[in-house]
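Here come two complexes built around subunit A, the first alongside subunit B, the second alongside subunit C.
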Partner chain A sequence: MNAYVGTPTSRVDGRAKVTGAAKYAGEFAADGLLHGFVVEASIARGRVARLDTSEALKVKGVVDVLTHEHRPPLADKDEAWKDEVAPEKGSPFRPLYDERVKFNGQPIALVVAEDWEIAKFAATRVRVEYEQEAFSTDLESERGKAEKVDQPHKPRGDAAAALTRAAVRHEADYVIPTEHHNPMELFATTAVWNGSGGLTVYDKTQGVQNVQKFLCSVFGKEPDDIRVISPYVGGAFGSGLRPQHQVVLATLAALALKRSVRVVLTRQQMYGLGYRPMTIERVALGAKPDGTLDAITHEAIAVTSRYEDFSRNDTGWAEQLYKSPNSNFSHKLVDLDVSTPSDMRAPGAATGVCALECAMDELAVALKLDPVELRLRCYSDRDQSQSLPYTSKQLRECYARGAEAFGWSRRNPAPRSMRDGKELVGWGMATGVWEALQMPVAVRIVLTANGHAEVSCAASDIGTGTYTIVAQVAADALGLPIENISVRLADSTLPQAPVEGGSWMAASSAHAVLGAAEEIRWELARLAKAMPGSPLADLDAADVTLTDGMIASSDGRGAAVSIADVMRHSKLERIEKEKLNQFAEDKSHARNTHSAVFAEVKIDEELGIIRVTRIVNAVAAGRILNTKTGRSQIMGGVVWGIGMALHEETVMDHRFGRIMNANIAEYHIPVNADVHDIDVIFVDEPDERINRLGIKGLGEIGIVGVPAAIANAVYHATGKRIRRFPITLDKLLE
Partner chain B sequence: MADLTIPERIPINLVVNGESRALEVVPWTTLLDALRDRLQLTGTKKGCDHGQCGACTVLIDGRRVNSCLTLAVMKDGAEITTIEGLARDGTLHPLQQAFIDHDAFQCGYCTPGQICSAAGLLAEGRARDADEIRELMSGNLCRCGAYLNIVAAIEQAMSRS
Partner chain C sequence: MNNFQYSRASDVADAIRLLAADPGAKLIAGGTNLIDLMKENVERPSRLIDISRLPLRDVEETADGGLRIGALVPNSDLAYHPLIEQRYPLLASAILAGASAQLRNMASVGGNLMQRTRCPYFYDTTTPCNKRSPGTGCSALDGLNRNHAILGTSNSCIATNPSDMSVALAALGALVHIARPSGQRTIALTDFHRLPEDKPHLDTNLGSGEIIIAIELPPHGFARNYSYLKIRDRLSYAFALVSVAAAVDLEGNAISEARLALGGVAHKPWRSLEAEAALRGQAATPDHFGRAADLLLQGATARSHNGFKIDLARRAVVRALMQAASATPQSQAHKKIA
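So, the complex of A and B:
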């Protein structure tokens, strides 16, 4: 029975969020709480030669200043510092470990004081002398040093020869700058000292169990010593996948001082965390006169730190998406004196597909072909990289529904041909693609005799709606009203869950709920059958469903017993079941979500001002669990795409290796006035193969394709092809 | 190096959500930190501490203000309304209900500031349509990108007020 799944159910945590009752990591109180303020390195590479904390310690209210020379022990093996999502290759950063400076903005001391203001003030009195070393933070000047990363790409045919003979060819570099997540909540940790040596750590994270294991290994603690809790996360978008500096520092200080400590990073300090790495994407396409592809090559050159190799799949999308008998792909990294990049919404795809889809638009222009028509001529019903069928792929329908809703057929293909008063009008489109991943997750359900169920799991809700979809699936599976379901998440003591990322949590948590609910149903059926004169006596557990507070036969002949009666008769106050759900491995099919994005821009040519007046995003992502929160997810992705196309860029001063716009006034993100009409269409995509409920996940797909659609619209409006993002007015006026 | 004395604490009185609250603060304490750290009213959020994001928006004597750019000592005697003070006797403020109805938030961190800012906007009576709401709400950033739903929620509350 589906009373809730598939409906626009309002967020179950909505009331807590609109009343201010929802508590985030830096908001938990503790007796005698101390406040830590981070001192950061101001050079990009070298060593701390001298660190004088004496003046800071003289400030009244300062309790201690922790440094690499003055701190409790930290693990000395790289393995201890490798969290669940750390890059395979490399040596993870260790805050306050030694005198080495690896990037500008690296934490080198923590001032701990009775008040936050005092800690902040005293931090200005820590004197640091450095021995600087030669460094580089500039990808473009170091491009020649790029080294190839091992990726499972399989070249097809002879791409070089096919490009040489191609009737129509397009080749270009697309440059995506470094971008920062900038979640609204500052990264924060409140480490509460329990007296007996244990800690309860409230942390801003996308994975409490990841942080818990990491802290235990870094500080040499037993699992019971540290509990990590993160009931609400004020946005993360990938920045909270790995344990961040502040959780190490707060824990370090709490252990050193045997007191509760809170560390909140400033907005500026958050620019020393991970980021979407600047990437140069070189795409070459060769086409036959009929508009089919004969060759694709895609090379990505991305930033990483000198201490870890972070790379993501930028080029695999070109490998998978379009038919092309000849192709070649490679991913390269350049080591720079910066912190390690991290996952950021649709990592690899937001960037790689942006380049691919801009290049496809340029090819369509060269072929004098409609951009949608070009995609249809190159369309593949199989994943081209592995020659596998998809569990489902309704991308054709996305193109059709999106084009229809947008009014694409009214587009005059000539650049600069459409106007609205003084403004040039441009229409562009692009394809989006992401993976449909799923992970093992365990859920515990406690059903009580009063018809209430508590559903718990260590998974996070980072604003994505996990609380709500877990409640929806549980309500349907247990046949209870959603008001009778309470959901507990993001406590490391709860049943197992991986970090929340990659769009895998909806499918993964939903099926774990189904698994635990099934165990509850079997138990209730067993008890119901055992009741004297039970109308269900001759039924199998498989033949009953839970509905409206009853255990009922599935065949509709009306036999039913109320759950309350069964539990009363069995003298049970509660039934508790926990189940780990694992998905069967299926290597015979590719699993992806797809989208078709259509964008309208209006451009004041004299001032170069670009407005994105309309976006239609038609998404095929299996079954949508909640059409309200699901639409919000896609809309949010579209807003991110607008930012990526027009606003976002972390600007580095390469003379100092220092970020120049480390704040959210000069690092531009879209504001309310930047966002106009966004139409989200969910294309019907039944998928009985991928998992029982046919769920694929929505967190990433919303952004993919949006920057390219906007860039292509800007070309259509102006005749100018801007290949260096973001597309700011100076580039249009040049 | 100069003398390291910390300034004296100054007694002030804030009327927060209708309740008189006496506290002693040093002059550098912002209203935002006084609310969050001293009065445990953590509904008001810190997103930048520089007046760039609007997460800290509260109503001071009915006007929307960035509490991170306001020193607590400057507001001695002022009437302050935070997100915790908008609901009455368990009934949500029309804006709070509209934000839930329209899914005008995801992570919820900018939400108290958005709602307080919207309450200030309604009181100003300056916004007449969606474009004006967009413009006049652009001091409140939402990284989850819930802007369209925020506008729809404010329109709902406007039409019912």
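So, the complex of A and C:
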């Protein structure tokens, strides 16, 4: 009985979004609202020696200038500043805490005024003197200082020896620059002062409860004092996982001034938030002549800040994906005078798999093997890192379906062999892999006698479609038309949810909805059975389903009572049930999504112009709850992958430790002209083990493998291997 | 952004008066460049003189058969103007190669000529930059200079002029009409922008108190054999690494007249009469085009990151001339290079 799950249901919040009815954090009004503008440090390391706010305070309309010397108290223990997703090691950044400058672009003051423009103007009147200290922001020059992080990697066999004896060997560095998320919506917070010391905080975040707990601990507040709401998020991609500067600053100002305050970061200021850290990925592969791997080593060296150790699993993918008896992995960090990196779409995989899959392509060339064939020879039905079977893994099918749709069999393997007029044509491919995670999420359903249900949960919808899938699952489970379901999300007072990230929210929220709906069904069955002359009297609660507004026997003999009748008879206006999802603990299986990406590029070699004319992305990710929003997710990932391959790079001048392209005119992402055909294929992947609905999640997998497939296509077109991303024309012309 | 006064000019004379009255004043037309720079605190005008409503929006034929284009004609109106499309398609193409549709709707002809460099240091007030703060030094010389100039540079500044439209105007031999307190004057577009020398804070030869009122195109528009080829880091909506405006007249396969200008390589649109002269009378072959490119690029020098531009420019010139000669101009809608 799936009227909605698995169908291309349109977004339930689509109309609100396109008509402007959907309100974002920076759009909530409040009486007497003040506006804060952030003053940032312009050095990479040192201390603020003098901060003179007197000129700024003289500007008409300025209410106050908050600084580390002039602010309400802030918690002094690191623990208080550690949010749900803070790195384990380190001391989180504290805005306006003291005079230390830890990175360029760090907030050092907040000008609060009656008007945003006034605040912005007055910000230019804040005089700052620094004591600068020697600093470094350059990963490549500091590479030698890299330190290994603890990771549960188990080396297998003797990789060094196996590499030495390998019949065919490939080893290279792949360099992926720092990248920024650049979500469309600016980071914003409106902190509404409610008179009695409490605050309602509208924030752009991926986790309202994370922000709520964080604010309470940072400002020493009771849980009831602060409520955090974030009904819509205009993209975040990981940048909104941790509470960001603006929410601390808006809250700080509201508490200091006992007024409502809004702080909106500018696009430029958002480059002071988290980012995908630059990594140097060294991959070595040793193969036997038959194209099976005998050795894999993968070392990733990534940027982190001096105050926190942020690291992601760049090398874990090489560890699990391909069969290889000998392997060794290490992840290293270099501390630099920069802000702490953050998760960014498929963190660790977008980069680590990019390096691995470029290396696999180079190995295929060395072995004179078709790149798909090489992957099939190294294919593993078990997760190699833990030697576990998968709950499901249809990667083989991804290769087959993707290759078929792409026309891979017509590929001439020789580089520079395919042409279209003046352009060289290149075909490349890569594997993608991500995790299928699930987290504790609770959902409350309130069913009313008129046949409507409200489903609520603190989870965010960061544009991924959570509103829609929650409505779909609820409509199916309650047997109601989707129009009768209203969904409330992202309010910290609603049932528990972690941050929305890691592609875990679809499975987690859907199963919480199922659980709560089940309790409603039991309650309805109990009530229905108790009605005099009930046709369901002799049935177990387990033997009824909810369908078309009826409680009906599941055996199809037609016995049914309408929900409305049951509730009227029981004199109930509403039935309310809240349930935490439950997933069976299962350490015996690995859980992953996979993909096979095929890319076509056309290159004007003389001028170095690359066009990505086709991408086929065949994805195996369990059951697809909504083929329309799901397809959008994958397409978005592919577009981003094009950007990673060809455009994206945060450029720093290491003499100043400053980002020099902190705006989206100069920080390039793909524009329409850069995006051509994208074909998304969902490979059937029934999975009865992972969870009841067989859901794995789709947020990240779409980007993984795309940059490598494009880089490999560029090689196939030109015979040039570019291992330093993005692949810009100067590198091609070199 | 600083606090500023705002006045709306009632006519050109009023605008000139307002300019003369306040040395810190700036004209504002479409605002697409000026406002960005104000937000970054790079421009801090004491007063904005809004000229956007002045009656300088006409495209008129001149007595000698050329066209006179008002300084406030929006870039998009100009690109799609029937007379421009038919008679000066090189100009239409160059305009459409720049910015985005939304920006072109706002941008004016005068503002486009006056737009400032995209050098990242110029935009970042915390870094030294001779153009923004004379005498502080040039951060680009030994810094990030991948998209900086290779021609006509000085030790004070290696910035490029980012305008696409100006490159076509330079090739077409356009004139700039300027109003000033003492009347009007006219200068060639190729003399309008200047080289940085030791005064990089001056982008153009427009004097303080002067206003661009129109540009004028000579009668000959090279409507048959032209191409505007722009090479950039993504297929649209990016400033040129190198761009070429190429136009030729052919008699059979022989070139009777040639025009060639480069964008993205210097502080001004780069034209070389010598290179054009070398093409005259020659057959339209890649060899001859290559020789012209060499002449055009004579003296090109690179800094640490922009060396690729020299070779790229040469190739782009040859390709653009090929496109022009074969009457297959680069399409700005389809990004495949012809």
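Just so it is clear, the second predicted complex is superposed on the first by the 734 of 734 C-alpha atoms of A that agree within 3 Å, B and C clash if a C-alpha of one lies under 4 Å from a C-alpha of the other, contacts with A are read in each partner's own complex, and residues count from 1 in each chain.
Here is the rule we go by: a contact is a pair of C-beta atoms (placed from the backbone, for glycine too) under 8 Å apart; a residue touches a chain by one contact, two chains touch by 3 or more.
What you see is a predicted model; the values in this text were computed from it and never measured.
**Q** State whether A:383 touches subunit B only (first), subunit C only (second), both chains, or neither.
**A** Touch status of A:383: no partner.
**Q** Could you tell me if A:655 is touching subunit B, subunit C, both of them or neither one (first, second, both, neither)?
**A** After superposition on chain A, A:655 lies in contact with subunit C alone.
**Q** Quick one: is A:422 in contact with subunit B, with subunit C, with both, or with neither? Answer first, second, both or neither.
**A** second
**Q** In the overlaid three-chain picture, which partner chain does A:117 touch, first (subunit B) or second (subunit C), both, or neither?
**A** After superposing on A, A:117 lies in contact with both subunit B and subunit C.
**Q** Of the partners subunit B and subunit C, which touch A:729 in the superposed model: first, second, both, neither?
**A** Touch partner of A:729: subunit C, not subunit B.
**Q** Which partner reaches more residues of subunit A, subunit B or subunit C?
**A** In the superposed model, B touches more residues of subunit A.
**Q** For A:184, select first, second, both or neither according to whether it touches subunit B, subunit C, the two together, or no partner.
**A** A:184 sits against subunit B, while subunit C stays out of touch.
**Q** Let me test your reading of the model: by the given contact rule, A:294 touches which partner, first (subunit B), second (subunit C), both or neither?
**A** neither
**Q** With both complexes overlaid on chain A, does A:673 touch subunit B (first), subunit C (second), both or neither?
**A** The answer is both, since A:673 touches subunit B and subunit C.
**Q** State whether A:24 touches subunit B only (first), subunit C only (second), both chains, or neither.
**A** In the superposed model, A:24 contacts subunit B only, not subunit C.
**Q** Residue by residue on subunit A, keep only those touching subunit B in one complex and subunit C in the other, then list them.
**A** In subunit A, residues 117, 121, 665, 670-674 are touched by subunit B and also by subunit C.
**Q** Can you tell me which positions in subunit B touch subunit A when the two form their complex?
**A** It is residues 1, 4-6, 26, 28-29, 33, 36-37, 40-50, 52-53, 55, 82-84, 86-87, 92, 96-97, 99-101, 103, 105-112, 115, 133-135, 137-151 of subunit B that touch subunit A.
**Q** If you look only at subunit A, which of its residues touch subunit C in the complex?
**A** By the definition above, subunit A touches subunit C via 42, 117, 120-121, 124, 268, 422-423, 602, 604, 606-609, 611, 646-647, 651, 653, 655-656, 658, 660-661, 665-666, 668, 670-674, 728-730, 733-734.
**Q** Per the contact definition, I'd like the list of subunit C residues that touch subunit A in the complex.
**A** 1-3, 40-41, 118, 120-121, 124, 126-127, 139, 143-144, 146, 231, 233-238, 241, 308, 311-312, 315-316, 319, 335-337
**Q** Using the touch definition from the top, list the residues of subunit A that touch subunit B in their complex.
**A** 10-11, 13-24, 26-27, 29, 55, 58-61, 115-118, 121, 125, 181-186, 232-237, 264, 266-267, 462-465, 628-629, 631-633, 635-640, 663-665, 669-675, 678
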